[in-house]
């Protein structure tokens, strides 16, 4: 039982981070004026960083790591 | 005779100057609302100047101000909460504030979108308009709504 | 030296400075003139190094050593603030009060924080192309983190912001800048030389060391600003007591177990 | 037209600076300083220097007011109401 | 018009000095100091301006297609704005320290407290 609960919690965490990551990468591509490979790489790294920031902020704000 | 620069000058003279007057005189509640209005109008002026000078890279100024303007007003709402709670802005001022922050951005951003034509910068402009409208309605609510908090504790 | 005498002295001195400033103003070349010798040379050498934003090229390539000086001023100022605002022996800190905030404002903060963070990183990354750079982007990233305090409460910010980590980021930014400089030295030319290939114009990899120095400054400014605000927030919200002039010290000591 | 904008922005900066100096209360001065920052950003854009305007916006809109108001809160907390219980955070 | 920005910068500087000298609150004095600093930004950028010129940032225009203003003064002012904010923070930290040690932030009262 504990393993599935931990599994679903991990799933929810990755779902949230991946969700934020996709939205923020899209936002990055809107911000830049010219799209090339390096922009994609730097954009996805920055978006990943911001996605983890988003999750940490939500956990810090709500005090619980569960979904809000 | 560049129309966009003229529009920017008009917004500066008829919008930001009275906001400066409002922020230097009168009760504290009106000053905070005036600062919020000034941040909103200066962001719109930045977008107009970007189009007027034919320099798309100036839009980043509007982008940053659309995000940091409301944050600045929230700083006042948070740190002057005691004084603002004691003497909250009148309902009339609050309504005028919400109407302005809902009406002004589209009024400026839509003609700019028409002028820039379809493409990535159009999406960027719409994004800035959305950020600005959302940010200013929230900061307007935070400034005026400090007392009318829902009684139940804030949700998770 | 009564207050009135000081005002008179201020008036006389002020008028003197005003007259000198006016004379100097009328000797300066007219506003909007076309003679900018340094400007043309700076633009020419920036374009030679494939850096689109000439101001970043001036800051991080032609005058990189001055920017190292400014960065050290920033580092020293933050160091001074940390030392001044530390919690002294006769002070004690308590957890900050939780504040009830409008749920809409909370939701806005949780959405605006990652967006602002991303815009700050965008401004840093495109420092050598479009307007922006390490200094502006660093401040925006730091302000993004503090949306948690501004719109929610200080406890939330403390959970997400271990002050030690940002102090390390502050120092790491400064160290990275100096290391990049010495790398130029090791590459056989001058300290802080632009030894990397310049890449194609107006792309993210253009400008040689300019983007890397930009990133180093961005990390340093973001870390410095977070540490700075951490000290101010602790002082204003948590640390109580402390010496309030001579008399206050005894009773503070008394009730401090 | 560009000169008109420079003159307009200059008058805003001069008015905001004079107002910032004449506002004796630090909390209210922080507000006017924020407006001075906005006027400066418009002037820098009119003088064709977007990098400096961006720097002024980043620093002047949220960072400086936050520090000023935190200092006011710390000093005011000690100056007049030295009591334990202070206003909400 | 050819002198207006320089005179405006001079006026802002003098107003800042007046505020600094006659201030009765150290936090107000720090605010006036940042007003003085901003006058130097106005002067420097006014010196670098070229009528009809645009910003020397070539991410969206071709180099050499339009006259540009002077980038060197902009680089000077850019870093100065951020460093100025950090120095303001250091001054505010000193003000907090003074308030703790002497219980007051009025410069006139401070000058009477010896040690």
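Residue numbering begins at 1 within each chain, and the chains themselves are lettered A, B, C, D and E in the order written.
The rule is simple: a contact is a pair of C-beta atoms (placed from the backbone, for glycine too) under 8 Å apart; a residue touches a chain by one contact, two chains touch by 3 or more.
These numbers come from a predicted model, not from an experiment.
K.L.:
Just to be sure I understand: going only through chains that touch, what's the smallest number of steps from subunit B to subunit C?
P.N.:
Between subunit B and subunit C, the shortest chain-hopping route counts 1.
K.L.:
Shared touching chains for subunit C and subunit D?
P.N.:
B, E
K.L.:
Among the chains in this structure, which pair is joined by the largest number of C-beta pairs in contact?
P.N.:
Pair with the most C-beta pairs in contact: C-E.
K.L.:
Suppose each chain is reduced to the average of its Cα coordinates; what separation in Å results between subunit A and subunit E?
P.N.:
Distance between chain centres, rounded to whole Å: 39 Å.
K.L.:
Measuring from the mean C-alpha position of subunit B to the mean C-alpha position of subunit E, what distance in angstrom results?
P.N.:
25
K.L.:
Could you tell me the distance, in whole angstrom, between the mean C-alpha positions of subunit C and subunit E?
P.N.:
15
K.L.:
With chain centres taken as the means of their Cα atoms, state the distance from subunit D to subunit E in Å.
P.N.:
11
K.L.:
If a residue has to touch 2 or more other chains to count, which residues of subunit C qualify?
P.N.:
32, 53, 55, 99, 106, 115, 119, 123, 126, 130-133, 135-136, 139-140, 143, 146, 150, 202, 228, 232, 235, 244
K.L.:
Using the touch definition from the top, which residues of subunit B touch two or more other chains?
P.N.:
As it turns out, subunit B has residues touching two or more other chains at 53, 55-58, 60-61, 63-64, 68, 71, 75, 81.
K.L.:
Which subunit D residues reach two or more other chains?
P.N.:
2-3, 22, 30, 48-51, 53-55, 58-59, 62-63, 66-67, 70-74, 78, 88
K.L.:
Every pair of chains that touch: which are they?
P.N.:
In this structure, the chains touch in these pairs: A-B, A-C, B-C, B-D, B-E, C-D, C-E, D-E.
K.L.:
Would you mind writing out the residues of subunit B in touch with subunit A in their complex?
P.N.:
Contact set of subunit B toward subunit A: 56-57, 63, 120-121, 123-124, 127, 156.
K.L.:
Quick check on the complex: what are the subunit D residues that touch subunit B?
P.N.:
1-2, 4-5, 8-9, 12, 15-16, 19, 22-23, 27-28, 30-32, 34-35, 38-39, 41-42, 45-46, 48, 50, 53-54, 57-58, 61-62, 65-66, 69-70, 72-73, 87-88
K.L.:
Within the complex, which stretch of subunit A touches subunit C?
P.N.:
Interface residues on subunit A, with respect to subunit C: 20, 24, 27-28, 31-34, 36, 38-39, 42, 46-47, 49-51, 53-54, 56-61, 63.
K.L.:
What residues on subunit E touch subunit C, complex-wise?
P.N.:
1-7, 10, 13-14, 17-18, 21-22, 46-51, 55-60, 63, 67-72, 74-75, 78-83, 85-87, 89-90, 92-94, 96-97, 100-104, 108
K.L.:
List the residues on subunit D that touch subunit E in their complex, please.
P.N.:
Residues 2-3, 6-7, 10, 13-14, 17-18, 20-22, 24-26, 29-30, 33, 36, 40, 43-44, 47-52, 55-56, 58-59, 63-64, 67-68, 71-72, 74-75, 78-79 of subunit D touch subunit E in their complex.
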